[in-house]
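What follows is a single structure, written as C-alpha coordinates, with notes after it.
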Amino acid sequence: MFTGMETAVYVHPNALCESSRIGEGTRVWAFAHVMDGATVGRDCNIGGNAFIESGVTVGDGVTIKNGVLIWNGVTIEDDVFIGPGAIFTNDRYPRSRRMAEVRHRYDRRNRWLEPTRICRGASIGAHATILCGVTIGPCAMIAAGAIVTRDVPPHQLAAGQPARTKGWVCACGVPLDDALRCSDCQSQYRFDGSTLAWAE
Amino acid sequence: MFTGMETAVYVHPNALCESSRIGEGTRVWAFAHVMDGATVGRDCNIGGNAFIESGVTVGDGVTIKNGVLIWNGVTIEDDVFIGPGAIFTNDRYPRSRRMAEVRHRYDRRNRWLEPTRICRGASIGAHATILCGVTIGPCAMIAAGAIVTRDVPPHQLAAGQPARTKGWVCACGVPLDDALRCSDCQSQYRFDGSTLAWAE
Amino acid sequence: MFTGMETAVYVHPNALCESSRIGEGTRVWAFAHVMDGATVGRDCNIGGNAFIESGVTVGDGVTIKNGVLIWNGVTIEDDVFIGPGAIFTNDRYPRSRRMAEVRHRYDRRNRWLEPTRICRGASIGAHATILCGVTIGPCAMIAAGAIVTRDVPPHQLAAGQPARTKGWVCACGVPLDDALRCSDCQSQYRFDGSTLAWAE
(Lines give C-alpha, C1' and ligand atoms only; values in the text may rest on other atoms or scores of the structure.)
Protein backbone atom coordinates (compact mmCIF):
# COMPACT_ATOMS: atom_id res chain seq x y z
CA MET A 1 0.00 0.00 0.00
CA PHE A 2 3.03 2.27 0.19
CA THR A 3 4.33 3.95 -2.92
CA GLY A 4 7.65 5.39 -3.91
CA MET A 5 9.69 3.81 -1.12
CA GLU A 6 9.19 0.13 -1.89
CA THR A 7 12.89 -0.56 -2.16
CA ALA A 8 13.69 1.14 1.10
CA VAL A 9 11.05 -0.16 3.51
CA TYR A 10 11.06 -3.84 4.32
CA VAL A 11 7.66 -5.38 5.04
CA HIS A 12 7.73 -9.08 5.88
CA PRO A 13 5.40 -11.10 3.62
CA ASN A 14 3.34 -12.07 6.70
CA ALA A 15 3.04 -8.47 7.95
CA LEU A 16 0.31 -5.99 7.14
CA CYS A 17 1.46 -2.45 6.41
CA GLU A 18 -1.34 -0.19 5.23
CA SER A 19 0.37 3.14 5.86
CA SER A 20 2.12 5.04 3.09
CA ARG A 21 4.01 7.17 5.58
CA ILE A 22 6.87 4.88 6.57
CA GLY A 23 10.42 6.17 6.47
CA GLU A 24 13.34 4.62 4.61
CA GLY A 25 15.14 1.73 6.22
CA THR A 26 12.24 0.79 8.46
CA ARG A 27 11.40 -2.90 8.78
CA VAL A 28 8.02 -4.40 9.69
CA TRP A 29 8.11 -8.04 10.82
CA ALA A 30 5.75 -11.01 10.62
CA PHE A 31 2.17 -10.59 11.85
CA ALA A 32 2.73 -6.93 12.68
CA HIS A 33 0.05 -4.51 11.55
CA VAL A 34 0.63 -0.82 10.81
CA MET A 35 -2.68 0.83 10.00
CA ASP A 36 -3.35 3.40 7.33
CA GLY A 37 -3.02 6.82 8.92
CA ALA A 38 -0.09 5.88 11.16
CA THR A 39 3.21 7.71 10.59
CA VAL A 40 6.52 5.92 11.20
CA GLY A 41 9.96 7.50 10.69
CA ARG A 42 13.21 6.18 9.21
CA ASP A 43 15.31 3.24 10.40
CA CYS A 44 12.70 1.86 12.77
CA ASN A 45 12.27 -1.80 13.63
CA ILE A 46 8.69 -2.96 14.22
CA GLY A 47 8.60 -6.44 15.72
CA GLY A 48 6.24 -9.29 15.03
CA ASN A 49 2.64 -9.06 16.25
CA ALA A 50 3.08 -5.35 17.02
CA PHE A 51 0.12 -3.12 16.25
CA ILE A 52 0.22 0.58 15.38
CA GLU A 53 -3.15 2.25 15.03
CA SER A 54 -4.17 5.12 12.78
CA GLY A 55 -3.21 8.45 14.30
CA VAL A 56 -0.01 7.24 15.95
CA THR A 57 3.22 9.11 15.18
CA VAL A 58 6.57 7.31 15.56
CA GLY A 59 9.90 9.12 15.06
CA ASP A 60 13.19 7.93 13.54
CA GLY A 61 15.38 5.13 14.85
CA VAL A 62 12.70 3.69 17.11
CA THR A 63 12.77 0.04 18.21
CA ILE A 64 9.32 -1.47 18.77
CA LYS A 65 9.59 -5.05 19.97
CA ASN A 66 7.12 -7.89 19.43
CA GLY A 67 3.58 -7.65 20.70
CA VAL A 68 3.64 -3.91 21.41
CA LEU A 69 0.22 -2.22 21.03
CA ILE A 70 0.15 1.52 20.27
CA TRP A 71 -3.10 3.47 19.93
CA ASN A 72 -4.30 6.68 18.36
CA GLY A 73 -3.16 9.59 20.50
CA VAL A 74 0.30 8.22 21.26
CA THR A 75 3.41 10.03 19.99
CA ILE A 76 6.80 8.29 20.08
CA GLU A 77 9.82 10.49 19.49
CA ASP A 78 13.17 9.53 17.92
CA ASP A 79 15.41 6.76 19.28
CA VAL A 80 12.85 5.35 21.71
CA PHE A 81 13.00 1.66 22.71
CA ILE A 82 9.69 -0.08 23.43
CA GLY A 83 10.16 -3.50 24.99
CA PRO A 84 8.28 -6.69 24.15
CA GLY A 85 4.61 -6.69 25.09
CA ALA A 86 4.53 -3.10 26.34
CA ILE A 87 1.03 -1.69 26.00
CA PHE A 88 -0.28 1.84 25.65
CA THR A 89 -3.82 3.08 26.31
CA ASN A 90 -5.85 6.09 25.20
CA ASP A 91 -9.06 5.93 27.26
CA ARG A 92 -8.91 6.19 31.04
CA TYR A 93 -12.40 4.79 31.70
CA PRO A 94 -13.12 2.45 28.80
CA ARG A 95 -16.47 0.83 28.15
CA SER A 96 -17.74 -1.13 25.18
CA ARG A 97 -19.08 1.54 22.84
CA ARG A 98 -22.07 -0.54 21.87
CA MET A 99 -23.47 -0.19 25.40
CA ALA A 100 -26.44 2.18 25.57
CA GLU A 101 -25.33 3.90 28.78
CA VAL A 102 -22.04 5.15 27.31
CA ARG A 103 -22.92 6.40 23.85
CA HIS A 104 -22.78 10.02 24.99
CA ARG A 105 -19.14 9.57 26.03
CA TYR A 106 -17.99 8.29 22.64
CA ASP A 107 -19.73 10.92 20.51
CA ARG A 108 -16.74 13.22 20.50
CA ARG A 109 -13.12 12.09 20.63
CA ASN A 110 -12.08 14.75 23.13
CA ARG A 111 -14.48 13.23 25.67
CA TRP A 112 -12.46 10.02 25.95
CA LEU A 113 -9.11 10.17 24.12
CA GLU A 114 -6.11 11.30 26.20
CA PRO A 115 -2.77 11.77 24.39
CA THR A 116 0.53 10.27 25.55
CA ARG A 117 4.08 11.24 24.61
CA ILE A 118 7.30 9.23 24.86
CA CYS A 119 10.25 11.58 24.46
CA ARG A 120 13.52 11.13 22.60
CA GLY A 121 15.75 8.25 23.71
CA ALA A 122 13.44 6.85 26.41
CA SER A 123 13.14 3.10 27.05
CA ILE A 124 9.94 1.29 27.98
CA GLY A 125 10.59 -2.11 29.58
CA ALA A 126 9.01 -5.40 28.64
CA HIS A 127 5.37 -5.79 29.64
CA ALA A 128 5.08 -2.21 30.89
CA THR A 129 1.67 -0.53 30.84
CA ILE A 130 1.50 3.17 30.02
CA LEU A 131 -1.69 4.88 31.13
CA CYS A 132 -2.88 7.60 28.81
CA GLY A 133 -2.29 11.26 29.49
CA VAL A 134 1.33 10.93 30.62
CA THR A 135 4.62 12.19 29.23
CA ILE A 136 7.75 10.09 29.64
CA GLY A 137 10.79 12.36 29.48
CA PRO A 138 13.89 12.09 27.29
CA CYS A 139 16.16 9.13 28.14
CA ALA A 140 13.88 7.98 30.98
CA MET A 141 13.80 4.23 31.57
CA ILE A 142 10.65 2.36 32.60
CA ALA A 143 11.36 -1.00 34.23
CA ALA A 144 9.86 -4.25 32.97
CA GLY A 145 6.29 -4.73 34.18
CA ALA A 146 5.91 -1.19 35.52
CA ILE A 147 2.56 0.57 35.37
CA VAL A 148 3.10 4.23 34.55
CA THR A 149 0.30 6.43 35.89
CA ARG A 150 1.96 9.87 35.86
CA ASP A 151 4.73 11.82 34.14
CA VAL A 152 8.29 10.53 34.36
CA PRO A 153 11.09 13.15 34.24
CA PRO A 154 14.12 12.97 31.93
CA HIS A 155 16.68 10.23 32.73
CA GLN A 156 14.62 8.82 35.59
CA LEU A 157 14.51 5.06 36.18
CA ALA A 158 10.94 4.26 37.23
CA ALA A 159 9.71 0.85 38.39
CA GLY A 160 6.76 -0.73 40.16
CA GLN A 161 2.97 -0.67 40.12
CA PRO A 162 2.37 2.23 40.06
CA ALA A 163 5.83 3.28 38.84
CA ARG A 164 8.01 5.26 41.26
CA THR A 165 11.55 6.60 40.93
CA LYS A 166 14.37 4.12 41.59
CA GLY A 167 17.28 6.23 40.42
CA TRP A 168 18.72 7.82 37.30
CA VAL A 169 20.12 6.46 34.06
CA CYS A 170 22.61 7.64 31.48
CA ALA A 171 21.66 8.27 27.87
CA CYS A 172 23.49 4.99 27.15
CA GLY A 173 21.11 3.17 29.53
CA VAL A 174 23.43 2.39 32.43
CA PRO A 175 22.36 3.56 35.92
CA LEU A 176 24.27 6.57 37.27
CA ASP A 177 26.27 6.30 40.48
CA ASP A 178 25.69 8.58 43.50
CA ALA A 179 27.90 11.22 41.91
CA LEU A 180 25.63 11.15 38.83
CA ARG A 181 28.39 9.62 36.71
CA CYS A 182 28.01 6.73 34.26
CA SER A 183 30.47 3.92 34.96
CA ASP A 184 30.17 2.72 31.39
CA CYS A 185 30.60 5.75 29.12
CA GLN A 186 31.88 8.17 31.82
CA SER A 187 29.25 10.81 31.11
CA GLN A 188 28.69 13.21 34.00
CA TYR A 189 25.22 14.58 34.80
CA ARG A 190 23.99 17.31 37.14
CA PHE A 191 20.63 18.64 38.26
CA ASP A 192 19.52 21.85 36.59
CA GLY A 193 16.84 22.71 39.10
CA SER A 194 14.90 19.48 39.41
CA THR A 195 15.80 18.28 35.93
CA LEU A 196 18.73 15.99 35.31
CA ALA A 197 20.93 17.10 32.42
CA TRP A 198 24.16 16.04 30.76
CA ALA A 199 27.10 18.05 32.10
CA GLU A 200 30.17 16.71 30.33
CA MET B 1 -16.32 -22.01 8.14
CA PHE B 2 -19.46 -20.10 9.13
CA THR B 3 -22.68 -20.59 7.19
CA GLY B 4 -25.78 -18.50 6.67
CA MET B 5 -24.32 -15.29 8.02
CA GLU B 6 -21.48 -14.68 5.63
CA THR B 7 -22.70 -11.27 4.59
CA ALA B 8 -23.13 -10.09 8.16
CA VAL B 9 -19.94 -11.18 9.89
CA TYR B 10 -16.71 -9.51 8.82
CA VAL B 11 -13.59 -11.63 9.04
CA HIS B 12 -10.38 -9.88 7.99
CA PRO B 13 -8.53 -11.83 5.27
CA ASN B 14 -5.61 -12.29 7.68
CA ALA B 15 -7.82 -13.55 10.52
CA LEU B 16 -8.75 -17.13 11.31
CA CYS B 17 -12.38 -17.73 12.26
CA GLU B 18 -13.25 -21.40 12.60
CA SER B 19 -16.45 -20.99 14.59
CA SER B 20 -19.86 -21.08 12.92
CA ARG B 21 -21.50 -19.47 15.94
CA ILE B 22 -20.69 -15.79 15.40
CA GLY B 23 -23.49 -13.22 15.60
CA GLU B 24 -24.38 -10.68 12.93
CA GLY B 25 -22.36 -7.51 12.77
CA THR B 26 -19.37 -8.98 14.55
CA ARG B 27 -15.94 -8.18 13.14
CA VAL B 28 -12.77 -10.25 13.53
CA TRP B 29 -9.52 -8.41 12.74
CA ALA B 30 -6.11 -9.38 11.38
CA PHE B 31 -4.22 -12.26 13.00
CA ALA B 32 -7.08 -12.93 15.42
CA HIS B 33 -8.11 -16.55 15.88
CA VAL B 34 -11.58 -17.71 16.95
CA MET B 35 -11.58 -21.47 17.39
CA ASP B 36 -14.28 -23.88 16.35
CA GLY B 37 -16.53 -24.41 19.35
CA ALA B 38 -16.36 -20.81 20.57
CA THR B 39 -19.61 -18.82 20.62
CA VAL B 40 -19.58 -15.06 19.97
CA GLY B 41 -22.69 -12.83 19.95
CA ARG B 42 -23.77 -9.97 17.69
CA ASP B 43 -22.04 -6.64 17.12
CA CYS B 44 -18.78 -7.64 18.78
CA ASN B 45 -15.38 -6.33 17.80
CA ILE B 46 -12.51 -8.80 18.10
CA GLY B 47 -9.15 -7.08 17.74
CA GLY B 48 -6.02 -8.24 15.99
CA ASN B 49 -3.99 -11.07 17.53
CA ALA B 50 -6.83 -11.89 19.93
CA PHE B 51 -7.44 -15.57 20.63
CA ILE B 52 -10.74 -17.17 21.65
CA GLU B 53 -10.55 -20.85 22.49
CA SER B 54 -13.17 -23.56 22.01
CA GLY B 55 -15.67 -23.53 24.85
CA VAL B 56 -15.64 -19.77 25.39
CA THR B 57 -18.97 -17.91 25.30
CA VAL B 58 -19.04 -14.20 24.44
CA GLY B 59 -22.28 -12.17 24.55
CA ASP B 60 -23.50 -9.31 22.32
CA GLY B 61 -21.86 -5.92 21.90
CA VAL B 62 -18.57 -7.01 23.43
CA THR B 63 -15.31 -5.18 22.62
CA ILE B 64 -12.25 -7.42 22.72
CA LYS B 65 -9.10 -5.44 22.01
CA ASN B 66 -5.86 -6.66 20.41
CA GLY B 67 -3.85 -9.41 21.98
CA VAL B 68 -6.56 -10.60 24.39
CA LEU B 69 -6.38 -14.33 25.21
CA ILE B 70 -9.58 -16.08 26.36
CA TRP B 71 -9.66 -19.75 27.32
CA ASN B 72 -12.21 -22.53 27.63
CA GLY B 73 -14.23 -22.00 30.81
CA VAL B 74 -14.54 -18.22 30.46
CA THR B 75 -17.95 -16.61 29.92
CA ILE B 76 -18.19 -12.98 28.83
CA GLU B 77 -21.62 -11.38 29.07
CA ASP B 78 -23.08 -8.59 26.90
CA ASP B 79 -21.46 -5.16 26.53
CA VAL B 80 -18.19 -6.07 28.23
CA PHE B 81 -14.97 -4.22 27.30
CA ILE B 82 -11.73 -6.19 27.41
CA GLY B 83 -8.68 -3.98 27.08
CA PRO B 84 -5.57 -4.64 24.99
CA GLY B 85 -3.44 -7.53 26.16
CA ALA B 86 -5.76 -8.59 29.00
CA ILE B 87 -5.29 -12.29 29.73
CA PHE B 88 -7.55 -14.91 31.26
CA THR B 89 -6.58 -18.25 32.77
CA ASN B 90 -8.39 -21.51 33.45
CA ASP B 91 -5.92 -23.59 35.47
CA ARG B 92 -4.75 -22.39 38.87
CA TYR B 93 -1.71 -24.68 39.12
CA PRO B 94 -0.62 -25.31 35.55
CA ARG B 95 2.02 -27.79 34.53
CA SER B 96 3.06 -29.06 31.14
CA ARG B 97 0.72 -31.98 30.49
CA ARG B 98 3.44 -34.06 28.95
CA MET B 99 5.18 -34.33 32.32
CA ALA B 100 4.83 -37.78 33.90
CA GLU B 101 4.16 -36.48 37.42
CA VAL B 102 1.02 -34.54 36.42
CA ARG B 103 -0.85 -36.85 34.09
CA HIS B 104 -3.36 -37.78 36.82
CA ARG B 105 -4.38 -34.13 37.16
CA TYR B 106 -5.21 -33.68 33.48
CA ASP B 107 -7.22 -36.88 33.05
CA ARG B 108 -10.50 -35.17 33.86
CA ARG B 109 -11.31 -31.56 33.07
CA ASN B 110 -12.94 -30.90 36.44
CA ARG B 111 -9.62 -31.60 38.13
CA TRP B 112 -7.96 -28.51 36.65
CA LEU B 113 -10.43 -26.24 34.80
CA GLU B 114 -11.98 -23.44 36.87
CA PRO B 115 -14.65 -21.29 35.19
CA THR B 116 -14.62 -17.48 35.15
CA ARG B 117 -17.48 -15.06 34.46
CA ILE B 118 -17.36 -11.41 33.39
CA CYS B 119 -20.80 -9.88 33.87
CA ARG B 120 -22.72 -7.44 31.69
CA GLY B 121 -21.11 -4.05 31.08
CA ALA B 122 -17.88 -4.68 32.99
CA SER B 123 -14.53 -3.30 31.76
CA ILE B 124 -11.20 -5.10 32.01
CA GLY B 125 -8.24 -2.71 31.71
CA ALA B 126 -5.25 -3.10 29.45
CA HIS B 127 -2.77 -5.80 30.49
CA ALA B 128 -4.99 -7.04 33.34
CA THR B 129 -4.66 -10.67 34.43
CA ILE B 130 -7.81 -12.50 35.52
CA LEU B 131 -7.18 -15.58 37.63
CA CYS B 132 -9.63 -18.40 37.05
CA GLY B 133 -12.54 -19.09 39.36
CA VAL B 134 -13.61 -15.46 39.82
CA THR B 135 -16.73 -13.51 38.90
CA ILE B 136 -16.43 -9.86 37.92
CA GLY B 137 -19.75 -8.16 38.58
CA PRO B 138 -21.86 -6.04 36.22
CA CYS B 139 -20.31 -2.67 35.30
CA ALA B 140 -17.23 -3.31 37.46
CA MET B 141 -14.01 -1.75 36.17
CA ILE B 142 -10.62 -3.44 36.47
CA ALA B 143 -7.69 -1.02 36.20
CA ALA B 144 -4.90 -1.46 33.69
CA GLY B 145 -2.34 -4.00 34.86
CA ALA B 146 -4.43 -5.27 37.77
CA ILE B 147 -4.24 -8.91 38.83
CA VAL B 148 -7.69 -10.12 39.82
CA THR B 149 -7.55 -12.96 42.33
CA ARG B 150 -11.09 -12.87 43.80
CA ASP B 151 -14.62 -11.76 42.97
CA VAL B 152 -15.23 -8.09 42.18
CA PRO B 153 -18.70 -6.72 43.07
CA PRO B 154 -20.89 -4.73 40.66
CA HIS B 155 -19.68 -1.21 39.78
CA GLN B 156 -16.48 -1.56 41.81
CA LEU B 157 -13.26 -0.01 40.52
CA ALA B 158 -10.49 -2.48 41.39
CA ALA B 159 -6.77 -1.87 40.88
CA GLY B 160 -3.43 -3.28 41.98
CA GLN B 161 -1.62 -6.59 42.32
CA PRO B 162 -3.66 -8.26 43.73
CA ALA B 163 -6.63 -6.04 42.83
CA ARG B 164 -8.35 -4.17 45.68
CA THR B 165 -11.23 -1.69 45.69
CA LYS B 166 -10.37 1.90 44.79
CA GLY B 167 -13.93 3.27 44.49
CA TRP B 168 -17.05 2.92 42.41
CA VAL B 169 -17.89 3.66 38.80
CA CYS B 170 -21.02 4.55 36.88
CA ALA B 171 -22.43 2.36 34.12
CA CYS B 172 -20.99 5.00 31.77
CA GLY B 173 -17.51 4.36 33.17
CA VAL B 174 -16.91 7.60 35.10
CA PRO B 175 -15.98 7.31 38.82
CA LEU B 176 -18.78 8.23 41.24
CA ASP B 177 -18.32 11.06 43.72
CA ASP B 178 -18.67 10.62 47.50
CA ALA B 179 -22.45 11.02 47.17
CA LEU B 180 -22.44 8.13 44.67
CA ARG B 181 -23.39 10.45 41.82
CA CYS B 182 -21.87 10.47 38.32
CA SER B 183 -20.57 13.91 37.35
CA ASP B 184 -20.84 13.00 33.69
CA CYS B 185 -24.29 11.48 33.14
CA GLN B 186 -25.79 12.51 36.51
CA SER B 187 -26.86 8.97 37.41
CA GLN B 188 -27.38 8.46 41.15
CA TYR B 189 -26.48 5.17 42.84
CA ARG B 190 -27.13 3.78 46.31
CA PHE B 191 -26.13 0.70 48.27
CA ASP B 192 -28.75 -2.02 48.48
CA GLY B 193 -27.17 -3.92 51.37
CA SER B 194 -23.55 -4.24 50.25
CA THR B 195 -24.38 -4.08 46.54
CA LEU B 196 -24.23 -0.83 44.62
CA ALA B 197 -27.28 -0.27 42.42
CA TRP B 198 -28.64 2.43 40.15
CA ALA B 199 -31.14 4.60 42.00
CA GLU B 200 -32.27 7.26 39.52
CA MET C 1 12.01 -24.93 6.01
CA PHE C 2 12.49 -28.10 8.04
CA THR C 3 13.65 -31.26 6.34
CA GLY C 4 13.42 -34.91 7.17
CA MET C 5 10.77 -34.59 9.84
CA GLU C 6 7.91 -33.10 7.86
CA THR C 7 5.48 -35.83 8.80
CA ALA C 8 6.24 -35.58 12.50
CA VAL C 9 6.20 -31.85 13.18
CA TYR C 10 2.90 -30.03 12.76
CA VAL C 11 3.14 -26.43 11.61
CA HIS C 12 -0.19 -24.65 11.22
CA PRO C 13 -0.58 -23.14 7.72
CA ASN C 14 -0.73 -19.66 9.31
CA ALA C 15 2.43 -20.21 11.41
CA LEU C 16 5.98 -19.40 10.43
CA CYS C 17 8.57 -22.04 11.34
CA GLU C 18 12.02 -21.27 9.95
CA SER C 19 14.02 -23.60 12.19
CA SER C 20 15.09 -27.04 11.02
CA ARG C 21 15.78 -28.13 14.60
CA ILE C 22 12.29 -29.01 15.83
CA GLY C 23 11.70 -32.37 17.51
CA GLU C 24 9.12 -34.95 16.50
CA GLY C 25 5.58 -34.49 17.71
CA THR C 26 5.95 -30.76 18.27
CA ARG C 27 3.13 -28.53 17.07
CA VAL C 28 3.37 -24.86 16.11
CA TRP C 29 0.04 -22.99 15.98
CA ALA C 30 -1.36 -20.08 13.98
CA PHE C 31 0.62 -16.82 13.81
CA ALA C 32 3.44 -18.28 15.89
CA HIS C 33 6.97 -17.65 14.64
CA VAL C 34 9.96 -19.88 15.36
CA MET C 35 13.09 -18.30 13.92
CA ASP C 36 15.91 -20.04 12.13
CA GLY C 37 18.57 -20.85 14.70
CA ALA C 38 16.11 -21.72 17.49
CA THR C 39 16.14 -25.29 18.80
CA VAL C 40 12.93 -26.92 20.05
CA GLY C 41 12.67 -30.49 21.40
CA ARG C 42 10.08 -33.23 20.95
CA ASP C 43 6.40 -33.17 21.87
CA CYS C 44 6.24 -29.45 22.51
CA ASN C 45 3.19 -27.30 21.96
CA ILE C 46 3.85 -23.76 20.75
CA GLY C 47 0.72 -21.62 20.94
CA GLY C 48 -0.54 -19.00 18.55
CA ASN C 49 1.30 -15.67 18.32
CA ALA C 50 4.22 -17.07 20.30
CA PHE C 51 7.69 -15.97 19.19
CA ILE C 52 10.93 -17.89 19.62
CA GLU C 53 14.06 -16.05 18.56
CA SER C 54 17.27 -17.43 17.09
CA GLY C 55 19.56 -18.73 19.82
CA VAL C 56 16.78 -20.00 22.10
CA THR C 57 16.90 -23.63 23.25
CA VAL C 58 13.69 -25.38 24.30
CA GLY C 59 13.69 -28.95 25.69
CA ASP C 60 11.20 -31.81 25.25
CA GLY C 61 7.58 -31.82 26.37
CA VAL C 62 7.41 -28.06 26.86
CA THR C 63 4.10 -26.19 26.71
CA ILE C 64 4.41 -22.63 25.41
CA LYS C 65 1.05 -20.87 25.44
CA ASN C 66 -0.17 -18.11 23.15
CA GLY C 67 1.62 -14.81 22.97
CA VAL C 68 4.78 -15.94 24.78
CA LEU C 69 7.94 -14.10 23.67
CA ILE C 70 11.31 -15.85 24.14
CA TRP C 71 14.61 -14.20 23.22
CA ASN C 72 18.14 -15.25 22.39
CA GLY C 73 19.93 -16.23 25.60
CA VAL C 74 16.97 -18.06 27.15
CA THR C 75 17.15 -21.81 27.80
CA ILE C 76 13.99 -23.76 28.63
CA GLU C 77 14.48 -27.27 29.95
CA ASP C 78 12.17 -30.29 29.55
CA ASP C 79 8.55 -30.32 30.72
CA VAL C 80 8.32 -26.60 31.44
CA PHE C 81 4.96 -24.81 31.21
CA ILE C 82 4.98 -21.19 30.04
CA GLY C 83 1.62 -19.51 30.52
CA PRO C 84 -0.15 -17.19 28.06
CA GLY C 85 1.54 -13.87 27.49
CA ALA C 86 4.57 -14.58 29.67
CA ILE C 87 7.54 -12.53 28.48
CA PHE C 88 11.28 -13.02 28.76
CA THR C 89 14.01 -10.42 28.37
CA ASN C 90 17.72 -10.51 27.58
CA ASP C 91 18.93 -6.93 28.10
CA ARG C 92 18.71 -5.31 31.51
CA TYR C 93 19.14 -1.71 30.32
CA PRO C 94 17.73 -1.64 26.80
CA ARG C 95 18.03 1.28 24.45
CA SER C 96 17.22 1.63 20.78
CA ARG C 97 20.42 0.51 19.05
CA ARG C 98 20.15 3.21 16.43
CA MET C 99 20.80 5.85 19.07
CA ALA C 100 24.28 7.36 18.82
CA GLU C 101 24.94 7.39 22.58
CA VAL C 102 24.56 3.61 22.94
CA ARG C 103 26.39 2.14 19.98
CA HIS C 104 29.37 1.19 22.12
CA ARG C 105 27.13 -1.00 24.31
CA TYR C 106 25.78 -3.03 21.40
CA ASP C 107 29.10 -3.69 19.69
CA ARG C 108 29.67 -6.94 21.54
CA ARG C 109 26.92 -9.28 22.67
CA ASN C 110 28.47 -9.92 26.08
CA ARG C 111 28.07 -6.23 26.91
CA TRP C 112 24.27 -6.44 26.93
CA LEU C 113 22.96 -10.04 26.66
CA GLU C 114 22.30 -11.83 29.97
CA PRO C 115 21.25 -15.49 29.81
CA THR C 116 18.22 -16.95 31.61
CA ARG C 117 17.43 -20.57 32.45
CA ILE C 118 14.09 -22.21 33.28
CA CYS C 119 14.74 -25.64 34.77
CA ARG C 120 12.93 -28.92 34.25
CA GLY C 121 9.25 -29.04 35.20
CA ALA C 122 8.89 -25.39 36.22
CA SER C 123 5.72 -23.39 35.50
CA ILE C 124 5.61 -19.73 34.52
CA GLY C 125 2.18 -18.18 35.11
CA ALA C 126 0.18 -16.11 32.66
CA HIS C 127 1.53 -12.61 32.02
CA ALA C 128 4.64 -13.16 34.12
CA THR C 129 7.75 -11.13 33.28
CA ILE C 130 11.14 -12.83 33.65
CA LEU C 131 14.07 -10.44 33.95
CA CYS C 132 17.24 -11.67 32.32
CA GLY C 133 20.08 -13.22 34.28
CA VAL C 134 17.91 -15.40 36.55
CA THR C 135 17.54 -19.14 36.99
CA ILE C 136 14.14 -20.59 37.87
CA GLY C 137 14.67 -23.94 39.59
CA PRO C 138 13.13 -27.31 38.77
CA CYS C 139 9.38 -27.56 39.44
CA ALA C 140 9.20 -23.96 40.71
CA MET C 141 5.93 -22.16 40.03
CA ILE C 142 5.73 -18.47 39.13
CA ALA C 143 2.31 -16.94 39.78
CA ALA C 144 0.35 -15.13 37.12
CA GLY C 145 1.54 -11.56 36.65
CA ALA C 146 4.66 -11.97 38.78
CA ILE C 147 7.84 -10.08 37.92
CA VAL C 148 10.84 -12.31 38.54
CA THR C 149 13.97 -10.30 39.33
CA ARG C 150 16.17 -12.95 41.00
CA ASP C 151 16.69 -16.71 41.17
CA VAL C 152 13.81 -18.92 42.32
CA PRO C 153 14.74 -22.18 44.10
CA PRO C 154 13.33 -25.60 43.18
CA HIS C 155 9.62 -26.17 43.98
CA GLN C 156 9.12 -22.63 45.25
CA LEU C 157 5.86 -20.81 44.57
CA ALA C 158 6.79 -17.19 43.88
CA ALA C 159 4.32 -14.35 43.36
CA GLY C 160 4.21 -10.57 43.29
CA GLN C 161 6.08 -7.61 41.82
CA PRO C 162 8.91 -8.30 42.44
CA ALA C 163 8.26 -12.01 43.02
CA ARG C 164 8.69 -13.32 46.59
CA THR C 165 8.15 -16.79 48.04
CA LYS C 166 4.58 -17.73 48.91
CA GLY C 167 5.11 -21.42 49.68
CA TRP C 168 6.09 -24.65 48.00
CA VAL C 169 4.55 -26.79 45.31
CA CYS C 170 4.64 -30.45 44.37
CA ALA C 171 6.00 -31.69 41.05
CA CYS C 172 2.33 -32.19 40.12
CA GLY C 173 1.68 -28.48 40.71
CA VAL C 174 -0.43 -28.62 43.89
CA PRO C 175 0.78 -26.54 46.89
CA LEU C 176 2.32 -28.55 49.71
CA ASP C 177 0.81 -28.47 53.21
CA ASP C 178 2.77 -27.42 56.31
CA ALA C 179 4.15 -30.96 56.61
CA LEU C 180 5.49 -30.62 53.02
CA ARG C 181 3.02 -33.24 51.75
CA CYS C 182 0.95 -33.00 48.57
CA SER C 183 -2.75 -33.51 49.26
CA ASP C 184 -3.31 -34.55 45.66
CA CYS C 185 -0.66 -37.13 44.78
CA GLN C 186 0.56 -37.77 48.36
CA SER C 187 4.20 -37.05 47.55
CA GLN C 188 6.29 -36.14 50.59
CA TYR C 189 9.08 -33.57 50.40
CA ARG C 190 11.79 -32.52 52.82
CA PHE C 191 14.48 -29.85 52.94
CA ASP C 192 17.97 -31.01 52.07
CA GLY C 193 19.80 -28.01 53.49
CA SER C 194 17.89 -25.10 52.02
CA THR C 195 16.74 -27.04 48.95
CA LEU C 196 13.37 -28.77 48.83
CA ALA C 197 13.58 -32.31 47.48
CA TRP C 198 11.25 -35.24 46.94
CA ALA C 199 11.47 -37.69 49.84
CA GLU C 200 8.95 -40.46 49.04
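We call the chains A, B and C, going by the order they appear; numbering starts again at 1 in every chain.
Note that in this section a residue touches a chain if its C-beta (ideal position, glycine included) is under 8 Å from a C-beta of that chain, and two chains touch if they have at least 3 such contacts.
Predicted model, so just to flag it, every value in this text is computed and none were measured.
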Turn needed to bring chain A onto chain B - CA fit, degrees, nearest 5: 120
Interface residue overlap between copies chain A and chain C, same or different (over half shared): different
Chain A and chain C: spacing of chain centres that average the CA atoms, whole Å: 26
Residues within chain B bordering two or more other chains: 31, 49, 67, 85, 127, 161
Contact footprint of chain C on chain A as seen in their complex: 14, 30-31, 43, 48-49, 60-63, 65-67, 79-81, 83-85, 121, 123, 125-127, 141, 144-145, 160-161, 169-175, 184-185
Parts of chain A lying in touch with chain B, wherever the complex brings them together: 16, 31, 33, 49, 51, 67, 69, 71, 85, 87-89, 93-99, 101-102, 104-105, 127, 129, 131, 147, 161
